[in-house]
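Below are two complexes that have chain A in common, paired first with chain B and then with chain C.
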Partner chain A sequence: MKFVDEFREPELALRLVAQIRETATRRWVLMDVCGGQTHSLLRYGIELALEECVELIHGPGCPVCVTSCESIDFALHLAMLPNVIVASFGDMLRVPGSRESLLDVRARGGRVQMVYSPMDAVELAKNHPNCKVVFFAVGFETTAPATALAALHAEQLGLDNFRILVTHVRVLPAMEALMLSPVNRVQAFLAAGHVCAVTGFAEYDAFVDRFRVPVVVTGFEPIDLLQGIVDAVQQLESGSHSVSNCYTRSVGRQGNINAQNIVETVYEVADRDWRGFGSIQKGGLRLRNRFERFDAEKRFEPIAVNPIASANACLSSQVLSGQIKPTQCPHFGNACTPDSPLGAPMVSSEGACAAYFRYQWLQSK
Partner chain B sequence: MMPPDRIEFPTCPVASVQHDRVMLAHGEGGRLMRQLLREKIAPAISLGNPASSTSILENEAATFPVLDGEMTITTDSYVVSPLFFPGGDIGSLAVFGTVNDLAVSGADPLWLTLGLILEEGLPFEVLDRILSSIGIAAKQCGVSIVAGDTKVVPKGVVDKIFINTTGVGRMRDNGSLGSHRLHEGDAILVSGPIGHHGIAVLAAREQLGLTPPPRSDSAPLHESCRCLHDALGRDLHAMRDATRGGVSAVLHEWSEASSHTLKLRESLIPIAPDIRGACELLGLDPLYVANEGTFVAAVAPSAVARALKVLQGLDVSRNATIIGEVAKKQSAPVIVERLLGIWQPLDEPSGAPLPRIC
Partner chain C sequence: MCLGVPGRVSVWLDRDPLFARANIEFDGIQRECHMACVPEAEIGDYVIIHAGVAVCLVNQAEARRVFDELNRMNLLAELEMDESTGAAPIESKRDKP
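So, the complex of A and B:
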């Protein structure tokens, strides 16, 4: 298949693996920021192939993993209200809040609808004029343009029964929080290619200067990832640090200006709670005042925050910040499996724990 | 002689009742129900065998002769949404699905029963299309529908129509099949490219707008299974149609039942470009996606060439190919050689595969 097979070409991949092994004089610590990258690294066995010369720490870029427990609890609460339908992406439906997930709530009679696009939620609102339809908007800069477009579309249609529960997060503030952590070990970043396709990578210049770490914009196919790692290791070996782009077929320096403008129209930057990180300054987005009639947090009564019972057992905060590998968690594969997850990283198709469970643990059992 | 004066009778002001959709009364045992059976269901299902409608009309149990050898029976319920999708519909699916269950277990399908649960308000135009599809499919498979039941439930209780079919078949006597007969070294083959049904239904249900719309592989497998069995005899060890859970589910079941590990090579797995594209887009692994006209078989290594020749000579399995082998038990039940030459365990998915979000 064009645009896929050439980036999975086994011979080229093996040559790049050899190049990385030759270049590295010591074992470098790299963070792949995005959960999609984590899964590819494990699925194609790249992490194992490079074990001696690169330690890969899997970053916080799994959108459902970092969505705060309080936000999920609020969505669960809304789904049980009369005449309210909560719509979200499939991945989000399985992630537990403090006690249960949206799928659990649906089994108890709550109205929860899986959608493939935020525009489907607008359609849902149009077709259910007697219900309030809440779109649970999760995700990084990659999904924000689509949810912003949904808000604009709902405004154009004059819908008064459409709501958005916004939990959008921004990746750069999280990378800053990681670098400022006293336990940080990351020496270079493989920046999330899809995020950069929207935001561009000009904003990483200041980050690289401030923290003196290489940032390599990296894609998701095996060849993309290996090229990103080659670049990062070369920079580390030569003691340099700059932003480089190894995902040129999708990412330009300025990013997607149209998408940025749409996001800018609908959202403003705000502090946000991240699961596993706590509050991150400027770490998310919220709706601008012009769209406050769609804002679920403003239009529905708030709920009391639940004490987080089950989340205490889950060490996702240490996993998402790269302090421990999923397999180092005492619950991994025991109390916590994809069938009965203790935390979000074991649920999501992009979660680091799920990736280790699928691709490594089963084999080592 | 003058003709007698014509006496004009006043016409009855109440028109005869001609419903355009299913009413609750159609399931309540009275005149309307008999009308439904006589005018709609019996003609459709008797397409292949006119005698087969008798027991349905007369509400009797079906009688059939006891045959020599072994008989086999299987049942399955069909709730697919949407009812019509590119490449098939719930009617033909309900026939092929049960026929295929019989076929892969080593039986020649003979008889089916047909249970219909209809939602009040289902347009007859829709029911007619489904019944007609059932009749044509049964004829295509050479099976008779010998007994049936129809219920109508209030609107909202079921989603338009649910169908149950039970199939009875006669076991062929050229060698038993099943996971107990898997041997180390057996070749694993698939009868065609995988993932079509699941992606076609998903694309139709969610109106994904893929162009051209992916088509389901829904098809009867009795002929290809019989030909393969006849040609290979005891060298054919197991067959299974790769429906819910896809090829992965079949292999996991075989591994558990046989205490072997099943090894696949990703580069050998046949996937049509449109299905692969849709899977890439949605973040789905085609090995987990449902098929409705594709089966997996384990054959003795010495019989591989014969198996492929037979299958590739039939239209429904013309793209049959080897995808892996049966190996000694390892820690993981199913392993896949990914493209970089690294072996990875193939996990079983938890619940329905849900698409990723970015």
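So, the complex of A and C:
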């Protein structure tokens, strides 16, 4: 068993689709929280297959999409400083700030390096002792262990030229913000499987009790997703609401304690600005005082906030909160394409707009 | 960037608690990954790799149990359908080794 092909078996998928169709007596609104799930739902035609009985709306689970414009502008500014290298994941380099992206800045001579892992940025700092290497740390709880490990490595190696620009976000506070929104339509959540692999899902109990909404921990392959949808629809049909785990091969109730300890050592919970959402209480992480010397926000002079940022035409806030589908955005496929994106959801490989753009041929069949 | 991919632990390179590293195999390709979050992983275990770091172990017994259960349900549903339509049951479609 390789944990991929088996969970894509078409016969089983069709049976699960039939089961969902048989179970649903009305059209339920489910939100998949993670961008990886959004892509699978579109890529495998699940959204289309279930169109009549389930409306799938795609949540804020693309960390690149919710990274604030101010943070991106700050990274752009740092990349243009002498003897500074900004390193980040490939997706992050293409996301526009208020005017341009890290790739644009690189084209103008800024020093920007794509890395696969935060640990590669530590290596970069080791190999460039005369430069300051800033790792632009974006991501949910799944990525936080990797960036925390990078800070611990840099500390252990005694590097004084490593910096981290932390914009880590936390999923649960965003789900709370969505439920509290007056325009909320979500009736059940498919919770992000790999976030829960790290955090566990015990913390969802209080959320489910408070909002009386089913939360189903779900994986990323078609069978995983369909199983999660079966569970959510069954709960909705019976009027119950609980946390259930449909990704048991990777997620336990308590999550990964080692990973949590690593994150706890380096970060503490903090309020954070989410692009398209505004400030979310306890919506992110920041470095603890022990790691202050790596904190890019403390080690570099701040910059003035660009007022143009809020005037961007992108409707990402409505897309990421499920109010509109990407295809309902007037810029979709016109002014905004993956080659010239107006907003982050069209850039990132997990962005909902990019997923719709990539798989729209499937939708039109 | 936030996709986690399952890979198989093929060789441990370093078991230091902080700098733990192993070679992970993804469909025949080997990649060095950090293992500090799953120090208990053994050679042959599957782990989910995210941004170069293993974030959890894949519980193989659990995966098989869920898969077998789903297949059993699928087969049952098919048999029920076959009985109601009078068609011959579809045999051994899923009897893969």
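One rule holds for everything that comes next: the second predicted complex is superposed on the first by the 356 of 365 C-alpha atoms of A that agree within 3 Å, B and C clash if a C-alpha of one lies under 4 Å from a C-alpha of the other, contacts with A are read in each partner's own complex, and residues count from 1 in each chain.
Just so it is clear, contacts are C-beta pairs under 8 Å (C-beta built on N, C-alpha and C of every residue); 3 or more make two chains touch, one makes a residue touch a chain.
All figures in this text were calculated on a predicted structure; none of them were measured in a lab.
By the touch criterion defined above, A:N256 lies against chain C but remains apart from chain B after alignment on the C-alpha atoms of chain A. After overlaying the two complexes on the shared chain, residue contacts for A:G90 are found with chain B and with chain C alike. In the superposed model, A:R358 lies in contact with chain B only, and not with chain C. Of the two partner chains placed by the overlay, only chain B lies in contact with A:R43; chain C stays clear of it.
By the touch criterion stated above, A:S349 is placed in contact with chain B and with chain C alike. A count of residues in chain A touched by chain B and by chain C gives the higher number to C. In the superposition on chain A, A:L149 makes contact with chain C only, while chain B stays out of contact range. When both complexes are overlaid on chain A, the residue A:N127 reaches neither chain B nor chain C. In the superposition on chain A, A:M114 contacts chain B only, with no contact to chain C. When the shared chain is aligned, chain B and chain C each come close enough to touch A:F140.
Chain A uses residues 1, 4, 36, 63-64, 89-92, 116, 138-140, 142-143, 194, 349-350 to touch chain B in one structure and chain C in the other.
Chain B contributes residues 206, 208, 273, 276-277, 280, 283, 331-332, 335, 338-345, 347, 350-351, 354-358 to its touches with chain A in the complex.
Contacts from chain A toward chain B in the complex involve residues 1, 4, 8, 10, 13-14, 36, 43-46, 48-49, 63-64, 89-94, 114, 116, 138-140, 142-143, 194, 222, 338-339, 349-350, 357-359, 362-365. Residues of chain C that touch chain A in their complex: 1-4, 6, 18-19, 27, 34, 36-39, 46, 48, 50-53, 55-60, 62-64, 66-67, 70-71, 73-74, 77-78, 93-94. The touching residues of chain A, counted against chain C in their complex, run 1-4, 6-7, 9, 11-12, 15-16, 18-19, 34-36, 61-64, 89-92, 116-120, 138-140, 142-143, 145-147, 149, 152-153, 156, 193-194, 197-198, 220, 223, 227, 248-251, 256, 258-259, 262, 348-350.
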